[in-house]
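Once you scroll down, you'll see the structures, which are given as structure tokens.
The two complexes that follow have chain A in common; it is paired with chain B in the first and with chain C in the second.
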Partner chain A sequence: MTWIQTLEYRANLYVGLFSIFSGIFIEYLIWKQIFIARGTELIRGFTFNELVAFIFLSMIVGQLKSSWITSIEMIDAIRNGGLNKYLIRPISFYTYHLMLFIGQNSLFYMAYFTLIAAFPFIFPGLAFTTNFQIFGFMSALLLAVYLSYNMYYMMVCVSFWFHEVRALVIAYNVANIILSGQIIPLRLFPEVYLKIIGFTPLPFLVDFPVSIATGQLAPELWTSKFMIGLCWCFFTWAMGKTMYYFGIKQYGGYGA
Partner chain B sequence: MSINVKNISKSFTSFKREAGLKGAFQSFINRKYETFHALEDINLNVDSGEIVGILGENGAGKTTLIKLMVGLLYPSEGSIEIDGYIPWERRNQFLKQVSVVMGQKNQLWWDIPASESFLLNQKIYEIPHKEYKKTLDELVQLLNVEDKLNVQVRRLSLGERMKMEIIASLLHKPKFILLDEPTIGLDVISQSKIREFIKFYNQEHNSTFLLTSHYMNDIQALCDRVFVIHKGKGLYDGKFNSLVNKIKPQKKLIFEFTKRPEESVITELQEDFKFNLIKNVVTAQLPDKQLTKLLGSLFKINDPITFSVEELPVEDTMKTFFSNPEKFL
Partner chain C sequence: MEAMVRRYLNLWAAFFANSLTRDMEYKANLIGGIIVDIIFYSVQYFFFSIIYSYVNTLGSFTREDVMVFLIITFISDTVYMFLFSGNLFPLNRLVVQGDLDFILLKPINSQFLVSFRFVKSYAIFSLIILILMLINQTSLHSIDIGPMNYLFFSISFFCGLIIWYSLDFLIACLTFWFKNFTVGSWLSHEILKFSARPDSIYIGFTRKLLFSLIPMALVSSVPARMLLYGLNLKLLMYQIAISLSFLLFTFWVWKRGLLRYESASS
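Right after this comes the complex of A and B.
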């Protein structure tokens, strides 16, 4: 159904598919200048090509896991009474929107996976050098998508009490883009900030899958990292469920 | 499907502020909340197959009661049981038996044709394909919307959209249907079509309907029984005709004299009856008994060229009622 909805607005789809390239292009130019200005071949262990490959993949993963548009729609539904549409039907608001989010992004998944498939040719030897890496990346990406959705869902539930929380979502979105490693690899952050971010689920949203794909994360560390990521998934799911349980009692159905 | 509403109350907390920038800043710094009691101690029992009208002026609490009964809201006090289910627990088995249509409020997916929304409803309600096709064909034919099925919902007119909303709400053959002002904003033909349809559907499927409407034609045509809410409290629960009789509906008299009577006669008569005299025509709007007495008095003055007595539309009767409902009950 989301494909049907998305395909109704063709111009929007085309712009959405190609918007990522502008971000990648800008990053390429900035880092090129930084490397030239510093006159160095390595920055925190990254060569220029490794950094470009990492950032390119980070931006793709960042797009694939982003559900902020879905969350804005969910917040509006709670604020304007549109939630009624889901409450009167035997469907779960959480599951329905999770499927909607995956559905909405699936057209983008198809386009971006074509790019990911081309990675070994665009950046030979820098990413997806083994089947194990591909499998690890896909698993970590699934975890990132689910975790991201849960985190936005918690913010959506806050709107049961505060009604207007779009600013919260936008603020989180901005922080998330930077602190998940989507724009700048987390390894380039100062140690103290890395330690603090390490206590949050943010590294699992972009840095974790991309580090697996590019070989930046040693395979012997994958299992423990996955376990922590799964714990974060469970925790955020449970928090969202709890917040919804108490929040729905505040719902006034205003506007509908 | 039996419905038992016991001692239901619902309150909302909201804040008020004065208009303008000063009011906005004051509210930002020091917000004053107040509690509004939308419903107080409502009791209502509905049996299977009934069509009950819920009447009340704007803000009386009709929509709040509907929302509680379908599980959209939690009550502040009291209980509701519909066929053994508690609505706000939102059990799937309950939701599959219930449907709600809110006039002018869109529950279909805006950007896709109605036919896609119907397919989605089929999946949500787990309707077997054959049954879904049969029901859909029936409903589409009855409401005469075959040529609009594949048009984006947002491009449909209000009347067409309402028909699609009704189809979507009935695909899963619910036993209990709540209609919140389903004919609001529709033209008279569409209103009549929807009324006929509701009556037909109720007779065919013995479904229970609860209907709110400000159009008395809807209530008169569909509801034997009405439940009146006034300022959040239940005021009347009984036959619609009995309610109308309690209000002692007025009738309209037009009496044309051959020539204008003397002023002194008219002045004396106006001490006992309220009427207007323009040239030689008397017009009056009075309860039945008073009108009969006035008519007798007018005949005593002189024979008329013509006279007529007609019942006022129920709308006018209900207007009188809602201006001060407690006076009549």
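Right after this comes the complex of A and C.
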């Protein structure tokens, strides 16, 4: 149902594509000037073309994993008592909105996968050079989307106690654009920030799938990284479930 | 003319008082808005910190120039939030649901009411902090920045704001033609991000485009240049001409849009 609705609103897709292409264009101009000014071929192991390919793919992944619109709808449901209708449905609030999120993003998935399919032709030799990388990227992308949804879900559950948490979601979304490596690869960050970010699930949202696709992450590290990512998925899922369990006891059902 | 200006200023003061009362009732919204602003500013600052850890200048903008540019961008954003952000976003809903009728019935200019009815009062706090930051940053700057620079900056800043408003308003007005244009605010946000980077990164055709048809370089970069490097009369006159042209264009588009408006049956 959501998929059909999404197909009706193609303008979202056009603006989404414009967002990616304009974003990569600005980044391209900035990094071009930096490479020219420095007069070097490499910055932290990236050639200019590798860096542009990396940022381009990061922007696509960044949009695919973002579920802030769904989150705002979920927060409104809790605030306004709209959650009542989900309580009588034979599907949980969590699963129902996960499905809605996937449905709403379906058009993006189709369009962006076309872009990704064209990637080896746009940036030959810079990404998806082996089937193993394609498979690894798809798996890491699934992990990233699921982890991202869980993180948003945790913030949504905060609204059981503090009704107005939309600002929290928006603030997280704004910070996420930089801190997950969506417009600047994480390895270009200063070491001290990298260490702090390394203790959070943020590197698994964008940097991990893109590093696999572009060959920046050695294959022998994939398994351990996937295990850590899955642990984060489990942790955030359990946290969300626990918060919902206690939060629903606070829920009045009559709206804020 | 003077009486009309005074009347509209009084009206806006009444809108502001009303909005402030509403905002004070929802303190969580107020605090949330301030937090989002702080995070947004921090993220932008962090972005340029990383960029400038690899290079000393971006075109003609040094690191300290970019800090001034950034604060000006934040001030533009905050003033825009304060005056317009609560008004243009709901225009789509007003047109789709036919609620624009209630605005058209009022005995004042409908574009004024649609554009200024709600004020995001929490932005005042951010604005005060940002202005103090700008004064501090310019006083520490290696270039001597005098009061005349501030005067030309103020004119240029005002023109930049008109351009921003005009572009956002024109995009919002597309709802008259597309009937339901919910992506309008997203589209304008995506176009406006060109103004959040110094104009020195844009070259060739892009630069020409961002100084003319989509004049995003005139929103923050040109005011920053006026403040840092002093008056560039040709550039300032050009900016005034562009901002007036865009503003007049909004009047025309609004009138054309209203002709297409079909009230509650839209």
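The rule is short, and it goes like this: the second predicted complex is superposed on the first by the 243 of 256 C-alpha atoms of A that agree within 3 Å, B and C clash if a C-alpha of one lies under 4 Å from a C-alpha of the other, contacts with A are read in each partner's own complex, and residues count from 1 in each chain.
By definition in this document, a contact is a pair of C-beta atoms (placed from the backbone, for glycine too) under 8 Å apart; a residue touches a chain by one contact, two chains touch by 3 or more.
Please read all numbers here as calculations on a predicted model, not as lab measurements.
When the two structures are aligned on the shared chain, A:V174 is found in touch with chain C, with no touch to chain B. Once chain A of one complex is fitted onto chain A of the other, the partner contacts of A:L230 are absent, as it touches neither chain B nor chain C. Looking at the superposition, the partner that touches the larger set of chain A residues, chain B or chain C, turns out to be C. When both complexes are overlaid on chain A, the residue A:F189 reaches chain C alone and has no touch with chain B.
Of the two partner chains placed by superposition, only chain C is touched by A:I34; chain B is not.
In the superposed pair of complexes, A:I91 makes contact with chain B only, with no contact to chain C.
Judged by the touch definition given at the top, the superposed model places A:K249 against chain B, while chain C stays out of reach. Common to the chain B-facing and chain C-facing surfaces of chain A are residues 9. Those residues of chain B that touch chain A in the complex are listed here as 12, 67, 70-74, 90, 92, 95-96, 98-100, 102, 105, 107, 109, 111-112, 116, 120-121, 124-125, 152. Taken in their complex, chain A has these residues touching chain B: 1, 4-5, 8-9, 81, 84-85, 87-91, 248-249, 251-253, 256.
Per the touch definition, chain C reaches chain A in the complex via residues 26, 28-29, 31-33, 35-36, 39-40, 42-43, 46-47, 50-51, 53-59, 178, 181-183, 186-187, 190-191, 193-194, 197, 201-203, 206.
Note for the complex: chain A touches chain C at residues 9, 11-12, 14-15, 18-19, 22-23, 25-26, 29-30, 33-34, 37-38, 43, 162-168, 170-171, 174-175, 177-178, 183-184, 188-190.
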